[in-house]
C-alpha cells in the first residue's frame, strides 16, 4: 500500500496529538489547573510560557498538551460509541432485514433528520454540561451515517459467496456477522470513525461556544477557545493556539480519513481484476 | 411522477411524528424548568408560590402522558403550542424568524454552490495538478475549522480592520449584513461541494460511457458538456440538498455569533430558558425543513435520473 | 451645554438575542425593560443620582400617619400614545392585570404589598381592596406595611397601560405613556421607537428615534462599537481592560457599582460548612482583590459584606476579610480540618461569577488544603438547583438592592430556602435585628438596624463575599445624558439622552 | 492485391511506470482487408482490448504505444493530430464495447446518444439527427423505433442495448468496426441474434470488422480470419477454417482441447479435457514461436 | 426409479416481493422467480439445470441450500423435509449439501486465510484437535490440486482458478452428499475452465458425490451431466438424460438453445444446426405451452401446464388438455 500524502500528513498531525496527549504529564512544564498564578495572567509567549498564559495565569502550552487528552478522549470515545451503535444496528438490519430493518431504517432517518448539533444540544441540556455528558451526547449523535454504511455494505456482502457459504456451513447468524461481515466492512467504518473524530472535536468546540461543552477545570480546546475569544485583542495567543490546535488536529483526522478512504478504495477494486 | 411526489411527501409524516415524540421525551426529562429559570439571573428572588402558579398556568402540573396527548392533539391541528415566555403562538414566533433563517441559508448555499462547484469541477479536470491539490487541501481545511473561530476571524478582518461590512446583526435584512454570516456558514458546504463535485466528476470521467463518447469522436469539451456535467450533477444535487437541509440546524452557532435573528438562535435561547414549546416547535420545523428539502432533492433527482422513478 | 434635539440613538440590549414580548407585564427579565423604558412609564421611577425611587406619574402624594395609606395626585397632562389621558382607572386596571392569577405575571408579588393584593392574587376576591379611585386624577393606595412602596412600584414591569385599549395588542403593538412611540419590531434583531410629541415632560425627549438593537455576544458588541455602528455598549471585563488601554475609548466609560453581590453560598447541610470558622477561613484564604484585578480586570469592587456600597445601610467603616492564608489555616485547624476537605461548587459558565472564578480560587484553596471542584450547570438550572438545596456550594450573583430591607429578608430564618434564603441562614440575633428594622418607621433608625444586621452577616459568613459588580458602559463621544444607574446600568433614561453634531451622518 | 484497410505493424505497447516500462503488447502485426471480418481470440489479459484501444487512440495514462504503426487507409493513426483523429473516430472507425449497460450514458435517451453521431460527424441539426436515429434503430431491427428512441438505457434489455450500440457505431457508415467482446454479457439466444445482425449489416455495407472475443465458437461463426493472442503476442494467425481444422501452435491447440465440444460426447464419449498449463509448460518458448499464415495459404507454413 | 431419491424438490414456488407502487410505496408486486418446479436428484448423479439468465436457476439452488425461503412447495432430503417446517437446522443441513459459487473472487472471505476458512467449519462441527483439523485441510487441499503450505495464504494471493479450487475444498470439507454447483466455471478463463471441470469430475468419482449443477453453458452441461433439466421462466420445460436432451431435444426452447450455441465445429462445417433435430409426435391434442420466442411477464403466474413423459425419463412441458 502506497502511503499517500494525505495519510502521511494526516497521520503525522494525529500522531502529534496522540503523543502530546499521552506525554502531557512529562512534556508540560506546568500543571494545567493548579499552576494558576493570577499574577501571571495574560503574559505573552516567552521562554517560560511558550504559548503565553491565559487570563487565569495558566500556561497555554501545558493546557494545550493536556487538552489533547480531552480532545482525543472526546474523539475516540464518542466514535467508539457511534461505531458500536451504528455497526451493531447496521449489520443486523442489513443481515436480518424484515421488520427489524424497517425499524432501524426509520430510526436512522429520524436521526439524520435532526441536525447533529441540535441533537447534541438537547442531550447536553438533559445531562448537563461536562465531559461524560459530552461523550454520551456526541456518541449518540452521529451513528446514523455509520449505520447506513454498515447496512448497505452488509446488504451487498450478504449475497457474496463467502457469506452464503458460511451459512451453508452451519455458522450462526451472529457468528457470520462477527467473522464474515464485520471484518470486511471495517474499512469504510474506520474511515467514518476517523472523520467522525474530527467532527466530534469540532462539535465540542461548538457546544462550548453555546455554553454546553466540557467545563473546566478540564482544559478542553473548545472551552479554552471559547473562554479566550474575548481576549483576542489583549491576549491573542490564548485564543490562537487552542484554535490552531483544534484546526490542526481536525485537519489531521480528516486527512487521515481521506487518505484511508483513498487507499482502501483501490484495494477493494482489485477484486474486479 | 405525481404519485411519486405525493408518496415521498407522505413518507415525511411518520418520521416527523417520531421526531416529535423523541423531542418531547427528551425535553420532559430536562433539568431546570421555565419557572425556575426566571430567577436564575439572581435578579429576582425565588418565589415558590409564583413558580407553582406559573407551572399550573403552563399546564406543567399535568401528568406526562396527558401532556403528550395534548401536544399531539395540538400538532394534529397544526398548532405548535404557546410560548411560555412570550405567550405568543410558537408558530408565530417561528414565522417571525423563518425569513431571516431562509435568507441566511440561501445566501450561504449560493455562496457555496457558486464557488464550490466550479472549483471542484476544475480540480477534477486536472487531477493531480497544483490547482487540484490546493483546492482539495483548502477544502479539507475548510472542513476542519471551528465555525465560530472562522466567524470571529472574518468579523475582525472585514468589519473591524477593513471596515467594509457590518459586523453583526440583521440590519433591516440588508445584503451587507448578510455577507459575513453567509460566508461563515457557507464554508463547510463549499468545501464539501468542492470535494463531492470533484469526486463525482472524476467518477463520471472514468465511466465506460465516457470512453464510448470518446470513441464517437467527441471533443473533450463536448464530452464534458454532453455527458459529464449532467451525470456529475446528480451527486452535486444530493450534497446541496443534504447541506441545505441541515443548514438551519448548523447555523445555530453562527446566528449566535452574528446576532442573526434566525430559528437557530431562537432555539438556543429557548433551550436556555426552558421554553419547551418553542424548543419543540423549532426543532420540528428544522426537521420538517430537512425532510422537505430532501424530498425536493429526491424529486429533482428523479427528474434528472430516469432510473429513480422506476423504484 | 444645551441639549440638542433630533437624531437617532443605536442602543444595545446586551442580555439576550431576542425580545420575548413587548407586553412588559408578562416579562420577568431585564431584556424587555430596554423597550418598556422607552415606551412605558410606572408610578414611581428610579432616580439614579439620588439613588432612590421618586414619584413619576404623580405630582405629589399624601401619606397617612401610620404610613399605610398613600393618596396620589396623578400628572394632569400625561397622555397615552393613543391620545387617552392618564386616569386612576388606568393604574387600577394595570395593577389588577398584573396581579390577575390567571396571568401569573412576575409583577404579581409586588402587588401583594397592597392591601388585599395577596387575596386577589390567590383568586379569593375580585377587587384589590387597597386600590381606590378618588377621582380621575386621584388615586388612593393602602399598603400592608409602612415600607417605601416606590421600590416595588418603580419596576418596569409595573408599567401603566391604558385601560381603554385591548391588552392583547400590547404584546405586538404596545401603547404607553413613555417618551417614545413603538414603531417596529424585527424579531431577533431590533425594536425601533420614535419620539412621542405629546410626552408629558414637555422639552423631552431630545432624540427622534431610538433603535434598540439586540446584541448578546460581547465580542460582536465590541466590534460594532468600535465600528461606530452602535452608540453604547455594556462591557465585559476583558473589554473593560482593553477599552481602558485604548486612548480613543478610555474617556467615554461610564462606571457604576451595581447592586449585585457575587458570592459562593455554602450549604448548611454540608458538614464542614456548619462551622463558622471554616466559612471564615475560606473568606480569608481567597485573594479576592487579586482575582478582581487580574481576572475581572478591576471590573468589580471587592465585597465587604452582603449589602453593596451604594446602599445607606452599608457600613463604610467595615473592612473586607483580609487575604491571609495563615489565618485561614489556623481557623481550619481550630475547626478540626487541618487536613482540609473537599467540596463542589455548582457553577454556571458565567465569566464573572461562574466556573472561571471557581477555577481561579482552586489553586488558592488548594494552598490551605481545601480541594474544590466546579460542578458545571446550565444557567437555566441554577436557580432550581440552589433553591432546592441540592448543592454543597454554589456561586451566584444576587441582586442586593436597592431596598436593603427586602434584600436582608433573604437571611431571615422564616424565609424559606426555596424563596431566597439559599444558604438556609438561621441566626436568632439576626432575626431580632431584622424584625426590629421591619417594624421601624423612622428611616434613620431602620437603616441603622439594617446596618447592624448586615455586619452580623459579614461575621457569620454564610457565603464567600466576592465582589460587587462594577457595571461599565462605553459610549460614543457624541452621546450625552447617560446616568450611572446602580440598579442596572444598561437601563438608561432615553428621554434625557441627546447626541451632539459630532455624531456620524447616519445618526444625525 | 488490394491495399489492407488496417495495417497494424509491429505494434509495441507498454505500461509506463516510474520504475521502468512493463511490456503489454509485443510486436503485434496484422492486416484487415476492406469488408473483412477479422477475429482476435485469447484469454483474459492477453491484450486484446488494449490492441483495439491503441488503434482507436483511446489509451489512458499509464499505457502507451512504444513502437510500431497503425496504418489505416494509408495514414498512420499514431501520428495523426488529435483533431484529425477525433474526426476519424466514430466516422471512419467505430467501436462497440462489451458491457452495453455501462457503455451507454444512463441519463441520456438512446435516441439522443445515437443522434450525437450525426450532429458530430455530419453536422446535422438535432431534429434531423433524431429522425435519423429512428432510422438507425429500425435498421438494427429494434421493434417500435419511434417509441424506443425516447427510451433510457435502463428501460431496455441487454440485447436491445447492444443493438443500440451497433446502431450508434454504424450510424456514419464507418469503414472499420471494432467490436470488443460485444456478446459476452448476453444470453446464448440473444447473442446469436446480435451476431447475425453484425454479420448482416457489415456485409451489406462492406464494413470491415475487428472482432474481439475469447469464445472460439463466436469467432468461428463470424470471422474470416483469426489471430490468436497470448500474453501480449500474436501467436498464430490463419484463415478461420484452417485455424480450427489445423491448429499449429501449442497454445491454440490447448485452447481448443480445453473446451468441451458440443456433440463430441455423443460421438466420442466423455473425454478428459486438455489442461493448457500442462501443454505449454515452457512459456518462453511459447511466445517466441509464431505461426502466421498468409492469406489464402491455408496449410502453408511460415515463421 | 428405485426408492426415495436423495433430494426431491416438489412443486417449488419462489416469489419475490418487489417494493414500490401504490401511493405510499408499500404496494407490493410479486416477481415469480420459480413456478412449480419439481426435480429429483439421485445418489451419485450429476443433474444440470440449464436456462437463460434470470430464469430462476440460482434461486432454485439457493432454495435447496436453505438460503432462500420457498413461497410454497417442498424440498426433501432422503425423504425427510429439508425446508419449511421440520427442516433440519443449519448444522445438520451443512453435512447434507454444500454449494460452490460462480464468482471465485466473491466466494472467499478476503480477511481469512485459507486455513481459517476451512478450519472454522470443522471446529464448528465438533472437531477440536488441531492436528486432525490440519490433517483434513491438507488432504482436502491436495485433493483439489493445491499444496498444504498454501493454507496460510490469503485469497488475494491466489488466481481465479485456485480460488475456485479453494471454494470446492470448502464445499467438500464437511463431506456432504450433495454439492450444488452454481455456474462453477462460467467466470473462469477458458484455460482454467478445463482444469476445474476435470477436477469436479474426478472428485465426483472419488467421493461418490451428487451434483446439482446450474449452468447456461450447454457444452459444459453436455460434458458433465447425467441428466439435464431445461428451465425457462421459472419452470422446467424439458427434462431427461443428457442423451435425450442433446441428441433428441423436443421442446422448441431446448432446440433453440442448442442450435444457437456458437460452436466452432458447427460453424466451420457450415451446417444448418436446426436441421439435425427430428420432430417427435406430441401426445394427442397437446401442444407446447411456450416456445421460448416470447418472454412471459414475470409478475404474473404462468398458464397452467404439466410435464408429460414422452419417453422413459424424458419429460416435456405441454399445456394442460382442454
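Odds and ends about this structure:
A, B, C, D and E are the chain letters, set down in written order, and residue numbers restart from 1 in every chain.
Everything that follows uses one rule, which is that contacts are C-beta pairs under 8 Å (C-beta built on N, C-alpha and C of every residue); 3 or more make two chains touch, one makes a residue touch a chain.
To keep track of the chains, here are their UniProt names: A = ABC transporter permease; B = Glutathione transport system permease protein GsiC; D = ABC transporter ATP-binding protein; E = Glutathione import ATP-binding protein GsiA.
Fair warning: this is a prediction, and the values are worked out from it, not measured in the lab.
Any chain touching chain B that also touches chain E appears here: A, D.
Touch-path distance (fewest steps) from chain B to chain D is 1. In this assembly, C is the chain whose CA centroid lies farthest from the centroid of chain D.
Counting C-beta pairs in contact, the chain pair with the largest number is B-C.
Note: centroid distance chain A (ABC transporter permease) to chain B, computed from Cα atoms, is 22 Å.
Each chain gets one centre point, the mean of its Cα atoms, and the points for chain A (ABC transporter permease) and chain E are 49 Å apart. Each chain gets one centre point, the mean of its Cα atoms, and the points for chain D and chain E are 33 Å apart.
As a whole-number value, the distance joining the C-alpha centres of chain B and chain C reads 38 Å. Looking at chain C, residues 219, 378-379, 381 sit in touch with two or more other chains.
Looking at chain B, one finds that residues 31, 152, 156, 256-257, 268, 271-272, 310 touch two or more other chains. The set of chain D residues that touch two or more partner chains is empty.
Chain C contributes residues 16-18, 20-21, 23, 26, 28-30, 101-104, 106, 108-109, 171, 186-190, 213-217, 219-221, 223-224, 226-227, 229, 260, 348, 378-385, 387, 396-399, 410, 416, 418-420 to its touches with chain B in the complex. On the chain A (ABC transporter permease) side of its complex with chain E, the touching residues are 160-162, 164-172, 179-180, 183-184, 270-273.
Residue ranges of chain D in contact with chain B, taken from their complex: 56, 58, 86-91, 94-95, 97, 99, 102-108, 116-117, 120-121, 152, 154-155, 165, 168. Put simply, chain A (ABC transporter permease) touches chain C in their complex at residues 33-39, 41, 55-57, 125, 128-130, 211-212, 215-217, 227, 229-234.
Per the touch definition, chain A (ABC transporter permease) reaches chain B in the complex via residues 106-107, 109-110, 112-118, 121-123, 125-126, 128, 198, 202, 205-206, 209-211, 222, 225, 229, 232, 243, 246-248, 250-251, 254-255, 258.
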